[in-house]
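What follows is a set of structures for review.
Below, chain A partners chain B and then partners chain C, in two separate complexes.
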Partner chain A sequence: MLGRPAGVPGRVGGGLREVRGQVGGFYAAVVVRGFRRYATYRTATAAGVFTNSVFGLIVSYSYIALWDQRPHLGGYSQAQALTYVWVGQALLMTMALMGGGFEDELMERIRSGDIAVDLYRPADLQGWWLSADLGRSAFHLLGRGVLPMVCGALVFDLALPSDAVTWLLFLVAVALGAVVSFAVRFLVALSAFWLLDGAGVSQIAWLAGLFFSGMLLPLTVFPGVLGEVARALPWAAMLQVPADVLLGRHRGAGVLTALAFQACWGVVLLAAGRLLQSVAARRVVVQGG
Partner chain B sequence: MAEDGTGAAGGDVIELDGVEKVFDVRRKAGVLRRTRHEVRAVDGISFTVPRGEVVGYIGPNGAGKSTTIKMLTGILNPSAGRIRICGIDPARERTRLARRVGVVFGQRTTLWWDLPLRDSYHLVRRMYRIEQERYRRNLEACVELLDLGPLLDVPVRQLSLGQRMRGDIAAALLHDPEVLYLDEPTIGLDVISKTKVRSFLREVNAERGTTVLLTTHDLTDIETLCRRVMVIDHGRLVYDGDLAGLHAVGESERTLVVDFARELPPVEVAGARCVKVEGPRQWLAFPAAASAAPLVAAVADRYPLVDLSVREPAIEDVIARMYGADADRTPTPGT
Partner chain C sequence: MAEAAERWERAGSGPGADRWDRRPGPAETLRVYGLIVRMWVRSTMAYRMSFVMTALGNFAATALDFATILLMFSRITVLGGFTLPEVAFLYGTTSTAFGVADLLMGSMDRLGRRVRDGTLDTLLLRPAPVLAQVAADRFALRRLGRITQGGLVLGWALLRVDVAWTPGKVLLVPVMLVSGAAIFCAVFVAGGAFQFLASDASELQNSVTYGGNTMLQYPPGVFARELVRGVTFVVPLAFVNWLPALHILGEPDPLGLPRWVDFLSPLVAVGCCTLAGLAWRAGLRSYRSTGS
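So, the complex of A and B:
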């Protein structure tokens, strides 16, 4: 009936490639699950699309007023500024700029001690949550991003590119931005291991994200050192960079530099997350009986 | 047995040697001041469990059972001592060990809240890289023995506690673990579910030779499953042997609960003493080894008996009586 215990898995043969394939299969399955999980909430998605669209309209009219006063503010034409607004709305949930990602769940698991379950599994904590959150991002890009964008394009004259390459580069920038966004939130969530109540850190990170991603105003608008700093911080990778890629503001190799900027932050922050995770797993106490 | 890859000496799957876990607890003692306390949750425990044995690990609340299990899975580092599971140091090689052990924490779930059971199992299969054929076989067996068939397509959040627990136990066994830790696997279950879980665990142990370490507050779990019992109290191992021996050591008592036709002063009968009176109901304690029949006869003979029931000694009571004298040996506050 039930089989005898297997020996040490992975040693039995199969070869490295096969093992890698299975590992990839596992994380891919988690991505798909992350996507599906949000796809089941249809009413919430519809309500979200509505909110994003209304928000987009309000911000658009404010931007129009602003750009009427200060044409070419931040180097954007009015059409470009409006496009920026709608890209922002499309990426708001994708990048979880106002929360709504995995971090609340992870912090709650740490606080309640359910993290114990995640820790004794033969899966990597960061890899697991990264996969789940990328699945969510992908869903939010499709479910909460496309329709508001279409809505914006119908109402306003947007400066959208007509060539496929720019769109493709935009998607790459969005993917990299999603990874950076995850990496930042992962660090924030892990703070709960030490603080238990991570709400304070969470709120600071959330405010910082809202401002430094360029959600309120494009970072190109800010003059001097503040602008320089804001554009160099990881949050710029979440909205400013993808928007600029879509607007075609990086010429030639400039696009690659922009993508490399995102990738660098992604690698650095993921590595920091790994480090923090291993410290947490070694030092920290899992709560509850 | 032959499958053992990493040479667990003498066939001992679980080895603990002088294991301790000290928690540092900070408490507020004023606006800014905080006092530090040390809680010795596990205070120098050593034991070994040979392959294929089912061991009950019992003790009162806060004794250190869950803490021990956490150390055995590697999610907590011991403060001192040495642990080897299948020859592996859990804290250092948690992930490698995870493929060879199964864990069920009664109060937590390994299943995914928003997924149907079936999909949770599918993720488990991927995570543990279980071959398709073996997975199918194991799942089939679990579904049959734990009666999971009608539940497979129900999202976990809609399962009742007992259904979820059965689902969790199956999830812990899909990858054929050599060792299974169960932390209160029957907590909150009804009698039927408990019976199902117990017979399933017996079956798994018999068929696969899985080594099982089980904590519980339900004496019946121990009686039906475990040949060996370990009692832990205040983080120390205070008994290691069979169940009968535990009762003998603990001088445990059963209780005869009698309902009389009216309120009476505490009854006096030979071989028992009245421990509690509540209206017309009285509680009479007598040695667990003695038969209840003569006592019942004596009481019925002399008093207006309406109803009665016999209560088995609770494990906690046995332990409480065994070590009641040491009760003040509570975790010592540090500086």
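So, the complex of A and C:
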């Protein structure tokens, strides 16, 4: 965080690069703190791992019954369908599909007026919360994702890839999905500027997320137009796309198309969040003085 | 803190001892519960628009589970040997029973937070039963959404399901709803008691409450035999709807239990509530304040 020692002037270009480096370091530090903040609660994480595993078990058995009746439903073999279940359990918290991310906190700050202080800070509001939430996502992927997946692999035959490239691409897809997930929830949180109590919007948003991410049933199983629409919406970037990347359903350039789909939604939604933020900031009135 | 309260109770003499001496009876617990609930309902109604949205959200959240089942049945006609109306009957009974328990006792999972930040001490100081205070804490009227949704599906299932109704079977439906709600309430209370020991582990009880509710929506034949044994003999959720529903629908029991077991739900519910009450008392006794 420390810059060049005072009194040692650098060239202008070098100085700019340095400032940029500092800014990058600052947000990286927020990411790390976001990770460590959630890593503090060990018992809660263990309880969560257990709950994820129980849900994974229950859903797996219902999928087995379904795929027994209709093998290759949605283009998945039974092993692939079961893998999908456990990827879902691993990403449920990572993508904050049922809430539990930063949005409650931000909404509370907007409601209480603390947001006025935040807007004064020399850090960008969206950048700050994005960094903190990515840190949380990373922790939840490791802390809440790995063990349930191991549990699933022990109980059932899963179709996990053996090559490192697929796993790497999966991680990229997860990272992009986490950005899209953040961007959606940032928009939701900003609604508190107008509604004050954002609980309703928040709930409707995670409902949509739960349904359209493919958490309940793979989007490839959704019938007809519903399936086509669901696969084009941003929520598909959070679970369906990463799962399909891991299952190797995209071949060659298809993977890039899938990742580009996620990146596009990420950029569009982040830009929308920025726009809404600037509109909302103009609404802030600080009382008193 | 609990010690202090106990000392008060044991003292049994001195001014005002009469008030502290008596253990709160069920009537007192219910009265206090009602008072706190009324307060929270009024507080909820201060943000009426938000209440409507969250109640609708609660309705829709529950409906998602049924939407999953409908999506499944858009591709199949029989799941685990059950037709759609039969699965809907399972879904409706467990959702309604769980919905009632969730409305009445769903706040129990906030106990861990109160233990952590020390606000439980405030509840212990009030001359009112702690269980009533914790259970009614932030009473969430929006959970009517879940009951409504479960009830609607149950109504639809009762119209569509192919059953030769006898007076006994008709009577079994309300009996299973009440017993089921009581069993889930007991699970919530036991989960609350566990949070005295592990204040961070409130999510653990979700695997039994929400997880159990999800499991009971599907036919027992879908699951591995050990899992069905577990929810019959260890955490007796099978008595919420599986066993009585198997009797009503005339389906065979995957565990091959004698048929009179199907009628045991009320007894099991009473047993669960007693055990949960004992667990609660033990948990409360073991409570040591954070001291902050």
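Everything below uses one rule, namely that the second predicted complex is superposed on the first by the 269 of 289 C-alpha atoms of A that agree within 3 Å, B and C clash if a C-alpha of one lies under 4 Å from a C-alpha of the other, contacts with A are read in each partner's own complex, and residues count from 1 in each chain.
In this text, a residue touches a chain if its C-beta (ideal position, glycine included) is under 8 Å from a C-beta of that chain, and two chains touch if they have at least 3 such contacts.
This one's a predicted model, so the numbers in the text were calculated from it and none came from an experiment.
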- Message: In the overlaid three-chain picture, which partner chain does A:V267 touch, first (chain B) or second (chain C), both, or neither?
- Response: neither
- Touching A:V229 in the superposition: chain B (first), chain C (second), both, neither? neither
- Message: Tell me the contact category for A:Q203 with respect to chain B and chain C: first, second, both or neither.
- Response: second
- Task: For A:L275, select first, second, both or neither according to whether it touches chain B, chain C, the two together, or no partner.
- Result: neither
- Task: With the two complexes superposed on chain A, say which partner A:F26 touches: chain B (first), chain C (second), both, or neither.
- Result: first
- Task: Could you tell me if A:L256 is touching chain B, chain C, both of them or neither one (first, second, both, neither)?
- Result: neither
- Query: What part of chain A is in contact with chain C in the complex they form?
  - Reply: 41-44, 46-48, 50-51, 54-55, 57-59, 61-62, 64-66, 69-70, 73, 195, 197, 199-201, 203-204, 207, 210-211, 216-217, 221-223
- Note on the structure: Listed in rising order, the residues of chain B that touch chain A in the complex are 3, 5-6, 23, 66, 70, 73-77, 91, 94-96, 98-101, 103, 105, 107-110, 112, 114-115, 119, 122-123, 126-129, 134, 137-138, 141, 173, 175-178, 183, 203-204, 207-210
- Item | Contact footprint of chain B on chain A as seen in their complex | 1-11, 19, 22-23, 25-26, 29-30, 33, 37, 40, 113-114, 116-117, 119-123, 281-283, 285-286, 288-289
- Note on the structure: Interface with chain A, chain C side, in the complex: residues 47, 49-50, 52-54, 57-58, 60-61, 64-65, 67-68, 71-72, 74-76, 78-80, 198, 200-204, 206-207, 211, 214-215, 218, 222-224, 227
